[in-house]
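Two complexes, one shared chain (subunit A), two partners (subunit B, subunit C).
== the complex of A and B ==
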């Protein structure tokens, strides 16, 4: 009987390093988050929609946005999921301990949703419409992980 | 306006892992199946459009690696990065441009060669989102919850989509996961990302599909009776998932309306006979049905319970087994297109539906369906 042998070329630990420009909008957002624990969003001059996270152009109107607006830090859960399956953390390559929560947060004053972790210590309190507030990292570096997670406060 | 038709389709079997084949090997098989199906040789093909994703293929310019096996040598070849239906859209416009009479369109991917959650995580914004680790499954779990909240669709109704589609796949020899399962099996399968159980999610599969599109002046010159493209539209929504009402698919509603108008369809619920939709997750089949006006708002789950979308129902949906039964990302929409073309011709085999004059194919791309492409295919010109 012949046995099949699989010959496979693997990428191994090869990585493709990449440096992403955060742009003027990202710079302001992350600096305010890191230094002042404030959330800065941006408002469309035409449709008045307040965008979170901030970016340069309102796609619906195709106009440039320059009006900064502070939103939050409190908001509501717009939708959420609780992860029961170990996913790989793209930052570390390690598997994350389950369960943990993801949600789309609608900050007070914003019109679009902001993606982050939701603390699942008490799962029964997590529901669409629940009020949440952010818990900030002690050691903030100017990244999205300067927020540890959002926790339900009602 | 000039017309275009689909005159040949060919696919590989959808499998968990085609470990013995390269991307080009898969393309060779699908392309030759399509040529044989059409009664054409590669010399009858004027130009080629390949569809692939560099991330899924683990290399840049992934389209070029399959050119030789797709018969692109000495021809104009172009690439689309997105679902296969987008490649077909582009292929059709090339036929209608006056420059080409026939376009060969292919789509391929192999989910087996990478870590799919890392690939789909890379679709998120690298500045604000990617580091949080969300992937397609988690994003769609949030969309599912949002859709269920708005429409009161139940986990049982979602599970019935899985039961129906895996059951349909028992009659499709190309499917990756034909299964006879129950609602209980789905609800008791592992909870991956609440509210999505393992059996609410499609697998990530390997496969390649090819279709041949012809301008009307060439469409009747070969073996098959052409299946006419009567309507088609393509629409995109905002990139950031959080910008959208994620319980809805505004871009799909727009695309469907435009495609119906182009095809002269006034009442899609009555005039569409058969459809293959992008059921990457169970709730999506129901959500897309409603967003395309094939079911009233919040009613798809109830109509499903009544059997409306079964193979022998009023409007058979994913009679092939759909993507829940085999999901070669990128190629997916071309598999759906091949299935609907063969339904309309009446030669699809075991999962043939009774009446198939007018069919609908939906393809999508982006997180939770950022953009959608809708084709209306018809037996008559």
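== the complex of A and C ==
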């Protein structure tokens, strides 16, 4: 008999299907993005902060927000990173295509930041404060993937 | 009836990247037995248990139920608290509330994790919004990199400044037999290690660990009978600041600023830099060691690099940070915040051996979650007023 054998079992290839409601504010956002390529944000009546993505309540003021405002489509890179290590994307089960630019975009007219890919074809142009614009997907379905990525324009 | 609360015993495992020799329950039991021995208490003396780890790690939920043989929770009041990266500090704050309420005299607090049993990035992803936050998400590191990038741009800091923090913590870990990574590195080695996500190099970040930690709290009625020199809890604070990742103020940790201000106010501390004696910061990457001590008010905005280069936070300096080697040396996530608490306790009690800072009056410990929230505890060697 082998002494001190440490047995390990593995979970295998199980997958679990999820179906998430985007919610009433997100649904309006994605409908506008898909059909009109417009970015809709929402403004707090009290502190006047413009939230992107839109949501129903300003957490700071705890008041309901109803004032929709169009922002973007251009903006600046507020902060970013370039991911350089390979890892499996748990959302898709596939390896992420590294390197990729991860941007926190401040749309013109918005106060909070929108996360998306930044094209890394020319890394030297990616910096905080650089102006960017979205490149839309040809086949838009009403999701965050309706934008392919943002590209630096200055 | 509100009671003052003290920590009277701590225990932790010898943390490793992989503990295939034990299951979760057995790992937890190691820390619990050490904490009981440290306090010279028996399991029958414990009135209630608070336990936690990171949701979805290991893919096994309800640790409050399945671990009772190891935790000692059989037929006792036991609750699970889980708040992501801050879990280890949150369980301590929960224990403080239970004892402070006067309803329980002696409470056992446990944090644990077996990172080796799952895909950490996959598990962390489940903490983020599936509609907005996951497309570009890359686990804990992407947000941290964005924070560091913003701080560098705002204050003119450099990758070398971050690397200096990593050199410090990895050196301190040499004094801690419980630390997972005990290998000194040079500034050049940190900067030459692979770039994971700009500006973070491999040696700027924490490892994944298997480990557990346990802490025993007691009310003021019995604390000094159990332990001649207990660690008194002076204050705790907790702040959560956002819904989506894009809501944060990158380059500043708002939750740390507001929470620490609450601590200083509660304890009457005016100059934390002078009045604190040691800090055990939940600092999973080097740049957090710059940014967050500014948010604590130890130094002003943009002043941390010079303060750290001058050796003030090294062992023997004005205000040593992470004598244990911190999170960069050891990170069993659900235990990590509680290890900070236990290490601060050992400093106050004078039990920190090779990593002891002399004459600790006040110690600070914290928990951090990759979603920009912060929990924190102020420890002291005197009974609070």
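Assume the second predicted complex is superposed on the first by the 146 of 154 C-alpha atoms of A that agree within 3 Å, B and C clash if a C-alpha of one lies under 4 Å from a C-alpha of the other, contacts with A are read in each partner's own complex, and residues count from 1 in each chain.
By definition in this document, contacts are C-beta pairs under 8 Å (C-beta built on N, C-alpha and C of every residue); 3 or more make two chains touch, one makes a residue touch a chain.
Remember, it's a predicted structure, so these values are computed and weren't measured experimentally.
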**OP:** Following the overlay on subunit A, give me a clash-or-fit verdict for subunit B and subunit C.
**Re:** clash
**OP:** Could you tell me if A:107 is touching subunit B, subunit C, both of them or neither one (first, second, both, neither)?
**Re:** neither
Subject >> Which superposed partner A:39 touches (first subunit B, second subunit C, both, neither) >> reply: neither
**OP:** Have a look at where A:150 lands relative to subunit B and subunit C in the superposition and call it first, second, both or neither.
**Re:** neither
**OP:** Find the residues of subunit A that appear in the contact set with subunit B and again in the contact set with subunit C.
**Re:** 6, 8, 11, 18, 20, 22-23, 26, 51-53, 55, 59, 78-85, 87-88, 90-91, 96, 102-104, 112-117, 128, 143-145
Original post:
Which positions of subunit C touch subunit A when the two form their complex?
Top reply: 20-21, 59, 119, 121-122, 125-126, 130-139, 141-142, 145-147, 149-150, 153, 194-200, 242-248, 250-251
Original post:
Once bound in the complex, which stretches of subunit B touch subunit A?
Top reply: 19, 58, 115, 117-118, 121-122, 125-135, 138, 141-146, 149, 190-196, 238-243, 246-247
Subject >> Residues of subunit A touching subunit C in the complex >> reply: 4, 6, 8, 11, 18, 20, 22-23, 26, 51-53, 55, 59, 78-85, 87-88, 90-91, 96, 100, 102-104, 112-117, 127-129, 143-145
Subject >> Residue numbers on subunit A that touch subunit B, as the complex places them >> reply: 6, 8, 11, 18, 20, 22-23, 26, 29, 51-53, 55, 59-60, 78-85, 87-91, 96, 102-104, 112-117, 128, 143-145
